[in-house]
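Chain nomenclature is as follows: A, B, C and D, assigned in order of appearance, with residue numbering initiated at 1 for each chain independently.
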Amino acid sequence: MVTVSDDEPRIAAWDRRVDWWLTGLAVVFLAAYAWEVLDTSLGADDRAALEVVITVTWVVFGIDYLVRLALARQRLRYVRRHLLELAVLLLPMFRPLRALRVFTAIGVLNRQLRDDARGRVAIYVAGTVALISFVASLAVLDAERAAPDATLTTFGEAIWWTITTLSTVGYGDRYPVTTEGRFVAAALMVAGIALLGVVTASIASWFVENLRQAGQQVEKAVEVEADRTDAQLSEVLDELRRVSARLDALERDRRPS
Amino acid sequence: MVTVSDDEPRIAAWDRRVDWWLTGLAVVFLAAYAWEVLDTSLGADDRAALEVVITVTWVVFGIDYLVRLALARQRLRYVRRHLLELAVLLLPMFRPLRALRVFTAIGVLNRQLRDDARGRVAIYVAGTVALISFVASLAVLDAERAAPDATLTTFGEAIWWTITTLSTVGYGDRYPVTTEGRFVAAALMVAGIALLGVVTASIASWFVENLRQAGQQVEKAVEVEADRTDAQLSEVLDELRRVSARLDALERDRRPS
Amino acid sequence: MVTVSDDEPRIAAWDRRVDWWLTGLAVVFLAAYAWEVLDTSLGADDRAALEVVITVTWVVFGIDYLVRLALARQRLRYVRRHLLELAVLLLPMFRPLRALRVFTAIGVLNRQLRDDARGRVAIYVAGTVALISFVASLAVLDAERAAPDATLTTFGEAIWWTITTLSTVGYGDRYPVTTEGRFVAAALMVAGIALLGVVTASIASWFVENLRQAGQQVEKAVEVEADRTDAQLSEVLDELRRVSARLDALERDRRPS
Amino acid sequence: MVTVSDDEPRIAAWDRRVDWWLTGLAVVFLAAYAWEVLDTSLGADDRAALEVVITVTWVVFGIDYLVRLALARQRLRYVRRHLLELAVLLLPMFRPLRALRVFTAIGVLNRQLRDDARGRVAIYVAGTVALISFVASLAVLDAERAAPDATLTTFGEAIWWTITTLSTVGYGDRYPVTTEGRFVAAALMVAGIALLGVVTASIASWFVENLRQAGQQVEKAVEVEADRTDAQLSEVLDELRRVSARLDALERDRRPS
């Protein structure tokens, strides 16, 4: 699994300080976004207030990225390794990609989830799938609802579409028709494939761990046996030296006689 | 493969005593459910009688869960590790999830199947796939049949839909339209992914077994060679001690002279 | 990969004698079936003649199965291990499964392909996929063509449907509507999953081979080093015995003096 | 990953000399093809000019294949190992396969990409997926646009179709209806499966590398311990010889007396 790079101690320290705040903010962000999408009876004022919350949170996430970049020792490498994070922050600026805003929360919540589920791949994967499904359903509903020939017009239908898409069944009874909705769909498919990659990588790293342990056990056995041989050889050498010393004594006795 | 936890001897003893009874009950449950769904000429009385059989069986499964929980040494851990079992028992209480009742039989039958097919993954997987397909076809037919725009109205069509869904082909010529039917579909997709997980885990555990054997063989070879060296060294030491003893004798001879 | 069981020498001998004849017969069978399906201008007489060829071939395949069963040492085990072969021979007797007849040729041709491609998984898989695709396209076209609401009415459309199904894309622009066609589709999906299983098992067995080789190399290294230690210890022991012999001589010299 | 065969030094030398030229040519080819497909306002003259560029590039790719074949030591083996390359060059000669022309550029660009991303599977796969998606979208749009019942008539729709096909979701809201378009779709599905094969093979080769390293570590440990035992045994032998020498001296002293 991808971890916070150990060779960036200042970023790790920053993470420890702000992680809980950012997690809380991401939950607020998701709640505001969900409210805006799901409550169709909202007045223009309430809608504007929620938009302010969403935009401010987004700006805070952007500042977090900049701070982390400033703290990085090798900035170019940091940018290269966090291209996805940068894309998720910048892409929603373009009009047809606005629905991707909600994916910014996934990055932050996923970081928290990873720390909580350290080593328990099943929980991590299940949590991430649930998170991505919820967020993608919201985003696709937001994008599609107003389209004239939309087939995704309620949250239930959006969730049903998300499940059929993530499992790659794809009946085709529901599908996005707007450019925004299709970007959400593409993001969902990429996320599904990436999740599969994380699971495969986890199984692979578990194998390598087993390999190393098997190798180390044999190495230890070799060392234990070698130490036993060593001890015996030392005894032999001691005995030999005693023999040699006695012969010396014999010789010395002989000379004077 | 998941096994009955070896550190819960009381649950294992309970399992040994009731397993055959529960398996029989699960078969009765399935038969009653299948009869109710497939025989459309049933009168209201027969239907009510079958409902009683189904409900009683369901209650017995609930009691089995409670007994196992009571016998568990670490109850919280038991609940956490059997979340799926709890969900399958409780979820059908909610109206749109009634069709999920039939999945409770899978848990019990699958336990029996696992004991019978111990170590033969192919038989276990084939049996589970057949079981899940049959149960999902029944459940989706039960849920969909009455819907106005249903495309799943006969058992043959339900089985065809189950096959296209489990293989993730998803033509979209048949698909559930009711909330109940969609929950069955989601359960079927999750079951398909879980089956894949079981197969992958089995192959993985078979690898680890091979790894351990390869490591143990090398360790054994190291020990055999070390024992041979030991025996030779002991011989050397014995010989040396004999030499030393002779030198002692020589010395003693010398002293008096 | 599955191989002819080495513990059945009589079946292996029978295979060596009839394999080429059966392969030729399977090609004739496929050609006759393809001609019957693709040439719509055939008269009733020609059609009857082709049916005779197909039926005779089918009977010969059945006789081959019975001979192999008679030659088997453990008959029950043979039946259990060749359930698929038995199913492919018997199922087409039932009317809605007639289109499955053509799959009998796959078993025979696949055996030949496996012997030719021994160890080259890519060629074996590519050949089997091509064979299954061709056969499934013929069978589904045969089954669907006459149906009133059929979407698979030409060989080109049947091949297109086979490709979208095998890759599990399943657009749903073409799909079988008859029971026969759906059995062909189910067989195709199972074949696709089985192929994946063969590939996975091949990669797995290749890993185990590597594991054994790595273990054997270490074992050999242990043995080489142990032999060197042995040789040195023998030298030590020889030297010691020479010393002991000299001491004996010294002692003997001493006694008489 | 497949690499330029090390046992063909003359082809490798040719590759080093022309790779950049061919890469540039492939980019020109792709640009000309994309321009022709995407700019619907092109006049007949411009269209003819672009066709000339495309045809000349195609001929150059053919000459490159012939030169490599002439430089190969084992020509038959070269043809057999580069069947796909030959197919991609020759198939577009047939009218319904004209849309496959654009795939010739992939072979050349992919070679460059592989050299740039040596060892970084993620970058290689991402680059290849992006390349194949772009090329397939162009080719399917080129093939489908003019068909009377086409559902793929804009580049956006073509890209959307490519994404749903590559991820095997296959909603069926868009699908090719022409023979040319279906060949592009089949090529896309095969490419998707081939990519999966490359990723699996990469993970597998990484495992084998780990296996070898673990084995070599143990072998090294065995050697280190054996060298230590050797050194001690040499010391024992030296000591023994010194003892033996002294006994010789004692004996010589004795003789004259």
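By definition in this document, contacts are C-beta pairs under 8 Å (C-beta built on N, C-alpha and C of every residue); 3 or more make two chains touch, one makes a residue touch a chain.
By chain, UniProt protein names: A, B, C, D = Potassium channel family protein.
Being a predicted model, the structure only gives us computed values, none of them experimental.
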item: Label of the chain whose CA centroid is most distant from the centroid of chain C; value: A
item: Contact-pair overlap exceeding half with A-D, pair selected from B-D, A-C or C-D; value: C-D
item: Between B-D and A-B, the pair with more C-beta contacts; value: A-B
item: Same-residue or different-residue interface between chain B and chain C, half as cut-off; value: different
item: Length of the line joining the C-alpha centres of chain B and chain D, rounded to whole Å; value: 40
item: Chain A-chain B separation of Cα centroids, rounded to whole Å; value: 28
item: Sites on chain A at which at least two other chains make contact; value: 168-172, 207, 211, 214-215, 218, 222, 225-226, 229, 233, 236, 240, 243, 247, 250
item: Residues of chain C touching chain D in the complex; value: 156, 160, 163-164, 167-173, 203, 206-207, 210-211, 214-215, 217-218, 221-222, 225-226, 228-229, 232-233, 235-236, 239-240, 242-243, 246-247, 249-250, 253
item: Complex contacts: residues of chain A adjacent to chain D; value: 165, 168-172, 175, 177, 179, 182, 185-186, 189, 192-193, 200, 204, 207-208, 211-212, 214-215, 218-219, 222-223, 225-226, 229-230, 233-234, 236-237, 240-241, 243-244, 247-248, 250-251, 254
item: Chain B contact footprint on chain D (complex, rising order); value: 168, 170-172, 218, 222, 229
